[in-house]
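Chains: A, B, C and D, in written order; residue numbering restarts at 1 for each.
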């Protein structure tokens, strides 16, 4: 119960601070938008081609802007050394992780919902044909990125090369998420039955569960000095 | 380990490695029959596949040593982890170099998205990240903690990366992968086993030297502290 | 066959290059540390004798 | 600042046994063996880099010792449950408060982390105690250095810890506020709490403390009860130590 209290306290604190400064959301949205535009210039695909490659471009855009957002999100804890106060509190580090994960997940998902139509317009996609499936794919994929990203934003905050370390560590590790989420999004855009993506769904769910648990267990070590 | 035992052990490992490598290469070049479909280039397999096994085993050691460090907080575990990670990355690099050289004449393209090779590539990137991270954390204990976390997560990621690549499904089926009924001739199996032994010995040799380096570094730090005290 | 031999040669050559390079790199790093250790031990001995 | 409540807190005895902390080649603490009895008011003195901060951060369980042992009563620090941190309050060099939240929001947030039953009421109480009530709705970003420092003290005091660990608490405070800080600390001390505070200013910080600890290069140069004219003696010790160090 106290774990939930701590996690929600952290979540509320993050959302309140974000509402005031919009640090993380501006980073994700502006970068995501810029990426969408650059992809559109770089590829200029025909509608058929677009359906094939849009899944990949969409998730690459999400992933890169997520890295930026996660870095900004953890910067809030390192400013004034607020992390020290968190470590002083009689809270289990696992609950701190959960709170941070929830706030990252929420912000990333919201930003993705805003970025989706941007990609839709540039690549002429019909994204909303099956909104339930789309949201499920978004949730599972983003969860995987946020689960690892939350832990690694804390890891990279402790290094000299903060901004570089996060993508260097995170991108290889999230390859399974990228592969599965891109496959599923491509199925969705091609109008194929989602039952063809059973394996991918299971892989995403497995990834999310395993790494949420593992990061929850390991987060305390990252906070130690 | 005292200095003299260390020298004796490393000499023994060095001798064993040289002997095993010589014998294994003799097998590879003079004894084993040429594979019918792929021709002489298939002999790359005898260094390619064992290298992958060695690097994988070393990354397993990284994971175990990382858990060991988190549980005991003994820096020796961290030295084991970094030694295994660095040598594992070197072996990983040789897998990634020999793979495409083998693939080109057989499948006509350098990179055929074989799930095993692709997994090795991701593994390589993960552990390059691990080594980079170590470079950018000053404090010894902090470095050990953070890299232990990355080591454990990195290793846990491997099976999932492999599964993700397997259902991508546009790669040629692995013709020779050791097992899966690919039907190795008896001589081929013997040669493979000798190669496996020889490359593991090489891995052990490099690991011991790298571990030694880490111990020396610790000793230097201790001496600096003794000098100030 | 010709192409196969060429590839076989390069695979083994590069394999050895990487390993030899790494072994060389290790011994350089060890040598540097050994020198540093020796110097430190010397100055520590001097400090002890004062 | 009005009096802290007069709960006689059974502070644990703090024992350091041959405790060292290394940062790579640097020795921050060199085999310290010390005992802090419950209810002591200790001021830790020393120049920059003498080990004051490392000592306080180690006591606050923020740093793991490299060698040696730290005990609270008979419990080794490494085996204490997270809930033990309820009994520690710490203020470090940085204020550890969120710039974009108001003073009150910060305290309410930390009250929730500490599981304080009536967080909002307690937050208001502590704000009043630190003379911050009229700035409760200001964002931390807009507070002056002195106000921030007071808010940091409020954060450390929120859960009424038995042991107060303060790293240069007088930083950024003007003379009258500093005076009130000393009075407040003295009262914390009178209520039975252990107070350990550091300072680099010899004369200024000595008055309310009962025990003085002078650190130099991670070792204890002086450890004894507070006395008038102690500052001169300590200064002389530091000069001698510096001369020996230079040799």
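Odds and ends about this structure:
The rule is short, and it goes like this: a contact is a pair of C-beta atoms (placed from the backbone, for glycine too) under 8 Å apart; a residue touches a chain by one contact, two chains touch by 3 or more.
Being a predicted model, the structure only gives us computed values, none of them experimental.
Among the chains in view, A has its Cα centre nearest the centre of the complete protein Cα set.
Comparing chain pairs B-C and B-D, the larger number of C-beta contacts belongs to B-C. Taking the mean of the C-alpha atoms as each chain's centre, chain B and chain D sit 49 Å apart. Centroids of chain B and chain C (each the mean of its C-alpha atoms) stand 17 Å apart. Chain geometry summary: the mean Cα position of chain A and that of chain B are 31 Å apart. Annotation for chain B: residues 138-139, 141, 224 touch two or more other chains. Chain C has no residue in contact with two or more other chains. For chain D, residues that reach two or more other chains under the stated contact definition are 64.
You'll find the chains touch as A-B, A-D, B-C, B-D.
Residues 22-25, 27, 30, 64, 66, 217 of chain D touch chain B in their complex.
For chain B in complex with chain A, the residues that touch the partner chain are 70, 122, 125-126, 128-130, 132-133, 136-139, 141-142, 145-146, 148-150, 152-154, 156-157, 160-161, 163-165, 167-168. Across the complex, chain D meets chain A through its residues 57, 60-64, 82-86, 88, 90, 92-101, 105, 109-110, 112-115, 139-140, 155.
On the chain C side of its complex with chain B, the touching residues are 1, 3-5, 7-8, 10-12, 14-15, 18-19, 22-23, 26-27, 29-30, 33-34, 36-37, 40-41, 43-44, 47. Considering their complex, residues 38-41, 43-44, 47-48, 51, 87, 90, 93-94, 97-98, 101-102, 104-105, 202, 206, 209-210, 212-213, 216-217, 219-220, 223-224, 226-227 of chain B touch chain C.
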